[in-house]
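Listed below are the structures to be examined.
After this come two complexes, each holding chain A, first together with chain B and then together with chain C.
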Partner chain A sequence: MSDSSRSIPIGKLLRADNSQFVAGCRVRELETPAFGSLVRASLEDQTDVYGLITNISINDDGLVRQLVSGVSIPGEYTADNRYNRNLPVEIHVLTIGFSRDGQIHHQLPPRPPLSLDQLFLCDSEEVARFTSHGYSYLRHILRLVDQPVEELLVAHLSQARRVQDSVGRPDWYEAACQRLIVLLRDDYPRLTQVLDALSELE
Partner chain B sequence: MPLNYAQLEHSRGQFAAQYAAWQAELNNRASILKGLFSEAAAKPDLLRQAIEEAEQQLTNLYLAKPTDEPILTHKGLPCTPASYTLIAADGSQIVPSRHRALQFGVVNVGLIKAHIGSGEAPEIRVETELLALDQIQTAEGTLIGEDEVALLRDLAERKLIRQAVSPDDLEPVITLTDGPLDVFYRSTIQGDRGQEVQREVFEIDQDLRRRGVVTAGYIDKPGSAMLSRMLAIFQCKRQGLPLESNNHELNLSDRFILQEILRLPGERSAIFEAITRSARKPASSLPVAFFYLNVSNDENEPCLVRLEFPLWVSEVPGLVDMLHAVIYKEAQVLDSHPYPYLLHRSHELAVVKRVEADEIEVMLQSQLDPEIRLHQQRSNKDYLKGLS
Partner chain C sequence: MEQRADFSNDNPPIGFVTGGGLEANLQVKLTVPAQTVQEGAFVVMDSGTWRFYGLVTDLQLAAVDPNYASQLNSERFSPRLGQYLNQNTLYTNLAVMPALMLDRGPDPTTPEYATWLQNRPENAKPITVKTVPDHHAPVKLADAADIAQIFGTEDGKTIFRVGETREQGHAVCLNLEKFVQRSSGIFGTTGSGKSFLARMILAGLIHANNASTLIFDMHNEYGPPSTSSDTGKPVSGLKEQFTARVRLVGLGAGTDFGALHADFNLEIAYKDLTPEDVLQLGQSLNLKETTATTLDALQNSFGEDWFTAFMQMRGKATEEDEDGKRRPAADSVEAWANEAGVHVGAAEGLRSKLSRLMNRPYLVDSPASNGLAEIINNLQEGRHVVLSFGRYDSELDYLLVTNLITRKIRDTWEAATSQFHKDKKKEPRPLVVVVEEAHKLLNREMASQTIFSTIAREMRKYYVTLLIIDQRPSQIYDEVMSQLGTRISGALGDEDDINAVLSGLAGRNALRGMLAKLQPKEEVLMLGWGVPMPIPIRSRRYDEKFWQEIHKDEVAKPATTAEYNKRLGFGDDDTD
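Right, the complex of A and B next:
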């Protein structure tokens, strides 16, 4: 199980299944999580479930909709709605692997995290550890439907490349791209889109 | 069981006809009252004399008394101060019910305090009080009702407001509660208990006055006929009849009398003193004044509310203007349905839902000795209602 004391808690689980989960957080906690970041939910049975943030959504309610149509809202009341009212920001996470007894697996976990389990943002060391264990987790990303897969790959590979460069593995990113080419070899249009998006990292 | 729509279909035509006749009657009353209002405005001394005589003669009275301002006054919106503190509190309650497994009562108060001009998020507080068993039982041993719990809720609101006011608050400090400022109007409360609460409320009022805090009660869609009763007294005086304020033919909500006078958004009426004579009124109570305010932002759709405040506020130059501007601005935050934002938020913080009441009951039951718990049964009627 990972050392939670070094990780940043960013929310708590609202709902989950084996392949994805959703956590809620307050707006104040929203400064750290970012689209594509690697996150972890720690289960009571010592399993850590890893995932990538695929979406961050801001909820509304009747009062917010009423305020939106208002002519002038004092800054204090904007702050009230953001920080005081019980409208959690939802963080959607794609499950890409898990770890148990210190061993990283790029398969889906045996069971999903439970509601109110805490979600942590992985630090550089954890990102390095998870991504050093091969590239097979990329298949989970490519399986996504109706979501900005290319953008997610750019965000994740950018983070992982930075971390791997810092631990002396400058060839990691190129190998990841090679792996993507293999995985998408039968889907030329999509491969083109992915490579086009990744060209931003060059 | 669904409604019998066929039956409703049959009745709705008759309802519409009755409603139209009633509206015509109200329009007729409004027309008479507007005429009387103009006459009273032209004879301010006679009006004042009539009201003062009524105060001397009648023991049961609830009406408006003019102050120094002419009664036809309609005053435009003053400038809002750049910074101030606005505190709103609202409460909700669980009324003890013999149908529940446990007889208990809860008062829940939500308070929100904003330092307008600071840019900071308002502070919020929720205070939940489980009423003691001797609080939820009358001297006869029966359970207290809605009015008694509401009185305790009103007191809890005032107490929390007093606690929330701090020397660090940006001045001026305004507090806002929903409904009339006085609490003794709750009609069914008798005896020492009611008087004790009223005494405490009066002490809080006095304390807030010493600290210069402007307390206000906001009455949305007001139904009271304080001006109508004032005019009924005026009419009696003018006709040389014995003074009587309860004239059914002149009974009409004040807002129908004033809505043509307060046409422009943000306009307020003259300030009136609320005169109350009642056997239940405590000897020491806060003299209250009020004005009507058009909180609409559309000239064609006036929306009149009544704002009550302590009479002393009207005697301090500038305070009524400040209150007028602040409350209008506050109501404009929710401009398509003007209502003070913080008052709505305090209600949102305070409201207790049925499911929460049930959770409290389970929590209380878990603390009981199993032997006692065994004998605390929910009524069958309440159980079966919960099934539907």
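Right, the complex of A and C next:
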């Protein structure tokens, strides 16, 4: 259920498919979304699609390229480009589950979000609720190719761990690590990478 | 009685079946730390309606990927992550040799249980394993009830406790009735506790009294008291503890057992010596091939008294005849040889070699009493005889005396059995002949000749079996070894010895490692026909406590003559 009074809106949907979507936002709105954060897209039929931010990209256009190759850029041009440009900052999100009628599912949603659906940053309570439902959503993250999976895991797990510790469930993190190990143990190079990254959290 | 209640093994599972089969062993993944399970552990696996019984024969360290095993994970990553990694990628596999299975029936709460109970034969026993448990069948250590189910519960008679399981200390018993039905062997290197083990088992046999025993006590270990090598304390011998049932016999007049006196002495008459006995000493006396012919001729000429007559002849004696020419004396070997048509040189050679025998003090022309007959009588009447060799402990003495006596036994028991088959009146008393240093009597060269290999191969039909005690089983003729029923072995180092103990038992290669790793003086492996399944055990200690346990069921011995008389029925009331 979307509770837009508490959640912070951070963008609107540009394009989407079943397993991932991209939202756009203005530069000003860029303070809050962070790599690996849990976000929520609210659909018209009261379904919420949950995802993790996997990439935040800022694209160039012809004007920026010209400016950059110039000798010096006056301050107001930089500000103007940053805050007034028409090309949005793109937030790439990996779908990891959805909720309908208050019930959380860690499967892919039946339908993706539509253009211009609102994207919200999840607060602690939502993070706690989503991650307490189980660990099967981790498989979506592991399915990623051409992406830094271990970085994403570290970012997400440190957020989730903080939240779970604060609601009095410190064993959540231990179980998440064990599940990751079980999922990846047949892929030694990949697991080593993930555990190297996670070791920094200790 | 609810069968299923017997199978309520409360031990926690230690793992589950992951693969393997009947040929190769079953593979089990261990879910507890590896050090809690040892090689030789007796385990049970439940699958369907069956309970499988097996022995752990190997433990192997394994990993999902060898890389996890070859690096120290808690140093490579954080200690906590390393620990999780170890828990989830490193494990131990057990190799379990399945041996027996028993139908437990379906769940007692289901309706099928009643039908199954009806169709079940009384006293169903475990059978040799013929199928495998399912994947993931839980594996548990056997509990006391499982051991009792397989090996029996100690009953103070023929089910004799020989030791306990190594990991949990449950009592393991030997069925002495089965034990004596076939020849058996006790093996182990010097210092492995073989003698104490033998003493313990002989005590059990004498106490159970289901068979008589004849013990050839080469080193005076069984009759008289001895000293425990663990504690240095004295331990009673068989005679002290079973005064009435055991007869101590000394070879030759004047042979004694230190402080103990012999019950009677054995002197062997010349006429008890047969050509067969002499031929079996071929190697020791360095007899030639012509010996058999010469002996045959002697028997033809002199019958039963051939040895006496032969010994009275003089070798190389000549005399003068009427014409003054030298000719062989009338009482010389040459004279007889010429008369009998035997090669003179052969006869003279044999005569000089046999003089070694004549010099044995226990071999006399007319002994004071018929010791041989008395031994045989005692055995037939159900008593036990320990024969000590005293100072006649050379190989020649050992070979001659054991063969001679055992041959008489063979003849007696064969006759008794034939009689029994005819009139079904008196079944012959089963007899166990206990032979030490068996490799001297049963090696390949001798085996075809000695009476012992005949006994090992054939005599169980005639109620006579062997109990071999030896430290070099590889020297024993393999045909004999493969006929042995029960084998109880302490630690063995030699590869050939290990092979010998396992010979004749199919699919027992898994046990080789176990035989080499037994703790000397403490552990033995029991296997073979008389034992439901192979099992390593911590053997029972042969000490004063052992004797207290053996005798605790018996009535206390009377202390005074008056009590004795009363026991026998001669009371104070003068009613003789």
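In this section, the second predicted complex is superposed on the first by the 202 of 202 C-alpha atoms of A that agree within 3 Å, B and C clash if a C-alpha of one lies under 4 Å from a C-alpha of the other, contacts with A are read in each partner's own complex, and residues count from 1 in each chain.
By definition in this document, a contact is a pair of C-beta atoms (placed from the backbone, for glycine too) under 8 Å apart; a residue touches a chain by one contact, two chains touch by 3 or more.
Predicted model, so just to flag it, every value in this text is computed and none were measured.
**Q** Based on the superposition on chain A, does the combination of chain B and chain C result in a clash or a fit?
**A** They fit side by side.
**Q** Give the label of whichever partner, chain B or chain C, reaches more residues of chain A.
**A** It is B that touches the greater number of chain A residues.
**Q** Going by the contact rule set out at the top, does A:Glu202 touch chain B (first), chain C (second), both, or neither?
**A** second
**Q** Of the two partner chains, chain B (first) and chain C (second), which one does A:Val22 touch, if any: first, second, both, or neither?
**A** After superposing on A, A:Val22 lies clear of both chain B and chain C.
**Q** Examine A:Val49 and indicate which partner it touches, taking first as chain B and second as chain C; both and neither are also allowed.
**A** neither
**Q** So, A:Ala79: does it touch chain B (first), chain C (second), both, or neither?
**A** After superposing on A, A:Ala79 lies in contact with chain B but is clear of chain C.
**Q** Under the stated touch criterion, which partner chain does A:Asp186 make contact with: chain B (first), chain C (second), both, or neither?
**A** In the superposition, A:Asp186 touches chain C alone.
**Q** Name the contact category of A:Leu67: first (chain B only), second (chain C only), both, or neither.
**A** first
**Q** Going by the contact rule set out at the top, does A:Gln178 touch chain B (first), chain C (second), both, or neither?
**A** Once the two structures are laid over each other on A, A:Gln178 reaches chain C alone.
**Q** Quote the smallest CA-to-CA distance from chain B to chain C in the superposed model, rounded to whole Å.
**A** 48
**Q** So in the complex, which bits of chain C are touching chain A?
**A** 64-65, 67-68, 76-81, 84-85, 87-89
**Q** Quick one: in the complex, what on chain B touches chain A?
**A** That would be residues 112, 114-116, 118-122, 124, 297, 332-337, 341, 344-345, 348 of chain B.
**Q** Could you please specify the touching residues of chain A with respect to chain C in the complex?
**A** 174, 177-178, 181-182, 185-186, 188, 192, 195-196, 198-199, 202
**Q** Going by the contact rule set out above, which residues of chain A touch chain B in the complex?
**A** Where chain A meets chain B, its residues are 63, 66-67, 69-77, 79-80, 82-85.
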